[in-house]
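What follows is subunit A paired twice: with subunit B in the first complex and subunit C in the second.
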Partner chain A sequence: MELAKETVLEMQHIMKIYSNGVVANKDVSLELKKGEIHALLGENGAGKSTLMKVLFGIEPPDQGKIILNGSETAIRSPQDAISKGIGMVHQHFMLLPSLTVAENIILGVEPRKKKFFIDMKQAVKAASEIAEKYNFDIDVTAKVEEIPVGIKQKVEILKALYRGADILILDEPTAVLTPQETEELFVQLEKLRDDGRTVIFISHKLDEIKRICDRATIMRSGKSMGTYNVDEISTNDMSKLMVGREVVLEFDKEPAKPREVLLEVRNLSAYNTQGVQKVNGLSFEVRGGEILGIAGVEGNGQSELIDAITGLSRKYTGEILLKGEDIRKESIKGIREKKLAHIPEDRMASGCASHLNIQENLFSNQYTDDAYSGKLLLRTKTIQKRSDELIKEYLVKCKSQKQEVGMLSGGNIQKVIVAREFSTGPDVIIANQPTRGIDVGATEFIRRKLLEFRDAGCAVILVSADLNEIFSLSDRLAVMYKGNFSGVFTDVAHVTEEELGQYMLGIKNDHRKAGAAK
Partner chain B sequence: MAGNIFSADFVNAILRMSTPILFATLASGIASKSGITNMALEGMLLFASLFGVIFSSLTHSFLGGLLLTMLIGGLIGLALAFFILQLKTDEILAAIALNLIATGGTVLLLLAVSGDRGASTSISSVSAPIVHIPFVEKIPFLGEVLSGQNLMTWLALLAVVVVHVFLYKTPMGLKIRAVGENKNAAESVGISSKKIQYIALVLSGVLCSMGGYFLSGGYMNMFTKDMSAGKGFIALAASSMGADTPIGGFLVTMLFGIAQALGNLMQLTTIPTELIQMIPYLTTLIGLAVYSYTVMKRKSRLGVH
Partner chain C sequence: MKSSVKRFEIVRMFFAIVIALLVSFGIIFLVSDQPLTAIYTLITGPFKSKRNFANVIEAMIPLMFTGTGVCIMFSANQINLAGEGAFHLGGLVAAVVALKFGLPAGVSPVVAILLSGLAGAVFTAIPAILKIKTNSSVLVSSLMLNYIALWFAMFILMHYICDPSIGSASYVIPEESTLPTLVERTRIHPGLFIALAAALLGSVFLYKTKTGYELRLTGQNERFARYSGINIVKVICVSQLLGGFIAGIGGGVELLSPIYTRFSWTSLLGYGWDAIIICTLAKNNPLYTPLAALFLAYLRTGASIMARYTDVTLEIVQITQGIIILLVVAEQFLSGYKHKMIAKEAMESLKEKGV
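Here is the complex of A and B:
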């Protein structure tokens, strides 16, 4: 029999208006219990991150109060929040790339020796202990700039746990994790819950909410739509509350009609920035009119493959032919002029210029185009008109096209990037985690777009950690493992998730077998 | 001339000329690591060289003069920080203002305090002592270099080590680097970036004032108008070429010192002095070019073909 759990924290009638006039939270109330995992749900721009920033002392609320353990408190800074036992993992990384994992974890709460010095030995020890405790396999002496995104996310979580949070805010922690990693994280979250801690979990993936959360508060356009027991509400009802309409994520797609080869990779070996070989003699081709899905555990060479194809890195041997032409000597601009579009995986690092406005970001890949630029000056009118169209078409939630991209919600930043890439009418699309952090409605939209492009004869490479996405979109499906394809499936409908998992972990590996037979 | 280059005198000249720049380079490094470009080094040097003369004469002691000058340096750093962090003045504009104030202000202040115009001829200041090391000074060459240096030169070398340890081994140093690299990230773990930047700028001011003190109490024995003569800017360049690390900054400063000492030697030849005076600045330019070239090389080293 379960006792009614006690309330640890209440946010009452929170109102937050940003300085540019955006009302991000309107009269939102949230009640958290001890020992629960509480989901916060809502479309992109609904105000989830804002509410959490208020709770963590980053953004002062314009109205409303916070009641912690029965007494009203003001949380004035992150420092204040941390000292009150609140920890937060932000939607976008808050790590220092030039420091090691251990340094990042202990930053601000450094163990000392002889009073004045950092006890680095102790720091490394403490960091590895906490990593071990939560079953995260991380080399704590590695520099953060050298580790893959999935590990970075784990470091963020450890950072919060190391500070001993009783209330842990996780803003879309699973967006960058693979299903296996997500499952591992969930085991840890359950442990925390059983410890009597409270976890606030933000995610756009409703099955995750179902799987792990006790209660869910749903937000729409800055307002709360109520709190529900997760057992008692269907995912359909959840998305209806979020979006205000039914969302269909499954669609019947026509079988692919592959045409000529648009992209060919021949015997590619690619290296990461440290010079470690990550892609091993990989060869494949993608035809117009098909989507090649690439699944795999992060760090198996996907990033290096994509960087090579898009011209971001020249650290490779072998050949990459775009419409039959070798692109090694091409500039990135040259490659893009051959009608290749790229949605990068890390939207803040390489997807956008966060201090520029939406319009400038939308045109950063085509401002030299004659349609948008005269001999000397940009054709501002045309650009403005086109920006408005794109913002409307791609459902970017913003005040105006002059708003700084960095001030948009995470999902809306992603939409700006997708709009930019799709608006050039590409022939080849490299989509790396295209719907990461995007709400259900917009996810549906982007997936449909990808299919539209395919049907129009575009060659698409889709790299995604979201197996649903991979299964529902791919015409061919490849699994990347240790720098090569451990399996390639043409009959995607008949691949099971278990089978795929075995290929992802290298338990099954057609490539190795084929290699051995040679 | 070759004989001159390998003499102890030459090495001494390098060290002597590098001392003020080295302090300022370290000062620049700390500020930059915290995310602020301290372009006010020039003015800070100038103020400190005047106050050094005044304070050492008031206290009749080198140490008293130095400590009070360091205090003033810290206050100037604090003022700069106040404008940049509190009043949100642009850091470059604030620095330019400070440099301009220093140019006129020091002359005015000198006139008010002593009645001297342009040089502190009537102030009897105390210079930093020369350190003679018994026995060692008898060793040829080595003894001549190790012994007979100004105490401030030793302090500058010591400061390289201290600042290095401070930045890389202490919690405060880690916080300074964190704030400089990504303010938001640092704040998200509860570090107050404002406080850290205040501290960094105050320390920067203190270090820089030691360089200024040496200018008028070691390098020369009085204050003269505009005596910093661009050393603050050279230090800024040296620090950034040394990736704003104390060790890197030290190496580059030494390189500049060598260039300048060479230049001084060349003044004995028939080469026009104007050309020779360009040497420190020219080395800065060449150094920067070499630096960016090696960075580029390193980046593309892994690129195949």
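Here is the complex of A and C:
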């Protein structure tokens, strides 16, 4: 690496306050050089994504300036950002599944013939040329819905490159990838760097940053903690800067003491809303006092499995026994009355009503309880008192219980949801991505609570994309692949990430073997 | 944070009203030869005499009924516009009961009003049931149903209760069924108290009862309500039945009041549409419908007095109403100001913490 690489972009003292009052960036500065892979490192909620939204013109900053190639500039919209040579690959892909790869790449900047018609031949040619130039091995005529996640991401990168991006923002690109796909991505990013482009690599995975990045800017709770040459700083120091204290990855948990079976799934086949089969003859059981972790790449049937267990969908065949009773005919309320709690995957879409206040969000699953309502009226005073207790017990940071839930930070919203679900004294807990996108403090709190309930005899199913979480909490670990468990491990401590990745990708599949043996 | 958001909502409402009035005044200046007199009459007219002020109160009553009904329907996030037809049918049913049942005084108005409520409830439930059974848009079906209500009422009027000596009106409502006048030389009637009670009870229902809570949860986030175990179908049905019931009562009360002597509604009266304005101003809380109704009734009475004494026509008020609604529902109106307010507060609290 040469020392005197030229600076292409500077963001100085950026402050961003969202309209719900959340200060996502307090004072962040970032400096990018030509031809480097620059890590933006920070825990969930540190403000990385917000900073990138400011850079990509999605959110205007409240203070601070952006200097591009030596002159101060304002980036007013994503189109503006693209025209200035900034490209972004979002965490959730922005692709049209029913169109082909080439069509997606040229979308919005289509080559024309006779002004009004899209020149498809030219489009396919241009798309394959750019794919070839960067050694992306992609069939540009394939439909996006038919290609795997790893390839979709490459399409996103190509989309940005086709629009002439010199600065490429990748928002947690490895979150959805298997270890093998990740490795492939890294090779490609290195190629881009050697080509003189700048890559911003957003992540909170230290080993990946060590592996591929040149420099790293570390963020903690909305502020930049400094920029370091990656080979001059240890992972330990990086994590200290990022978290502000030593990370507690391992919980000193007691060994599980499994009791009676509380939840049993027998030969379950479940279908999504379009009627596509997503769970494929799955059988398993969970006992009181244990946590069953379910890992797997998203979309392998996890959502459909959970919807079936919680009663949200009845599009399934097979049996689900909750405390020995079939729940097929039960309403959602009936299932909840059997002491099942559910932390939903998408907290804003189905976990809360963001315009209602904290108190109103804390009782949606138990307002009919005699303690909280008479025949007709709600017992407002009892509810208020209990709300204050819950807010205190679950450390929800808020001004009062009358504050709108949507005004809280992600972590605090999640604590409200967890408080509501756990306050009924559940026997079975279904936790779907319980700590996705929330701050360290809240994450640790929620994980400890899950362990607490396990120790008290609760059966817990934990579905998570965070392998760290899966490893540190699970007593048994299952990997979901194409609607079934490709592997189940009882000795979680001895499973490696690589091994898990192979099961997630279906390279190894115990179920298929077992099936074949039958 | 809460306080500043509330303050913002009040500021926003205030600006919406002020801007709407200013635009209306501007139009008056453009079209009138006597603009100052016109504006003066519009504002002070309602206070000029006892009768004028009584007109305001009389006009408030139906607005409170339909406003409360629509608040309940809208709280469940069902944009059901059948309140208009429910009010109309309520009037029709009250007239039929009064003319055909021959019940004694005291009993007759009570039965008539309850049955008009029932008719309203059944009517507004139709779009809800269509929605649940066939997933049809409540907005479209309810809008169209109002015309069925209108022409159904017309049919009954013409064939069963028509006074041949008039042609397009029923026989005179017998005295046993009418509501008395409360204040001499005005037409203020006991419906005022029924309407106030409906607003109060509506608010208690929405904010203090189990069903009201279910209804608001469903209205705010249907997926969340379902996930929580709430029976959405029940909630939608109950909310639409209740909203229509109150609107229907409003129609019954209005027809039996001293304002009408016969059922002569050959077109929709528009109280169901007005209810949307009331509901918007009251922010879906029935408790505030009396205030909103008072404001609208005041504006309309003022405008009709203005139309009588000056060269400005009544329609000017429709423009004012339209602008208010537009500005209140426009999420982005003053959002820059809101953002600054929130940003300032956040920066201050940062400084306090010494960060």
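In the analysis below, the second predicted complex is superposed on the first by the 280 of 518 C-alpha atoms of A that agree within 3 Å, B and C clash if a C-alpha of one lies under 4 Å from a C-alpha of the other, contacts with A are read in each partner's own complex, and residues count from 1 in each chain.
By our rule, contacts are C-beta pairs under 8 Å (C-beta built on N, C-alpha and C of every residue); 3 or more make two chains touch, one makes a residue touch a chain.
Treat the numbers as computed from the prediction; the structure is a model and nothing was measured.
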item: Which of subunit B and subunit C A:207 touches, first, second, both or neither; value: neither
item: Which superposed partner A:333 touches (first subunit B, second subunit C, both, neither); value: second
item: Partner chain(s) touched by A:497 [first = subunit B, second = subunit C, both, neither]; value: neither
item: Partner chain(s) touched by A:275 [first = subunit B, second = subunit C, both, neither]; value: first
item: First, second, both or neither for A:344, with subunit B first and subunit C second; value: second
item: Partner chain(s) touched by A:107 [first = subunit B, second = subunit C, both, neither]; value: first
item: Touching residues (chain side subunit A, partner subunit C) in the complex; value: 17, 19-23, 26, 62, 310, 312, 331-336, 342, 344, 349-356, 360, 363-365, 367-368, 373, 376-378, 380, 399-400, 402-404, 407
item: In the complex, subunit C residues that touch subunit A; value: 1-2, 5, 208-210, 213, 216-217, 220-221, 223-231, 335, 338-339, 342-343, 345-347, 350, 355
item: Touching residues on subunit B, where the partner in the complex is subunit A; value: 165, 169-171, 174-175, 177-178, 181-182, 184-192, 300, 302-305
item: Partner subunit B, residues of subunit A touching it in the complex; value: 58, 77-79, 81-83, 88, 90, 93-99, 103, 107-110, 112, 116-118, 120, 159, 163, 271, 273, 275, 314-317, 328
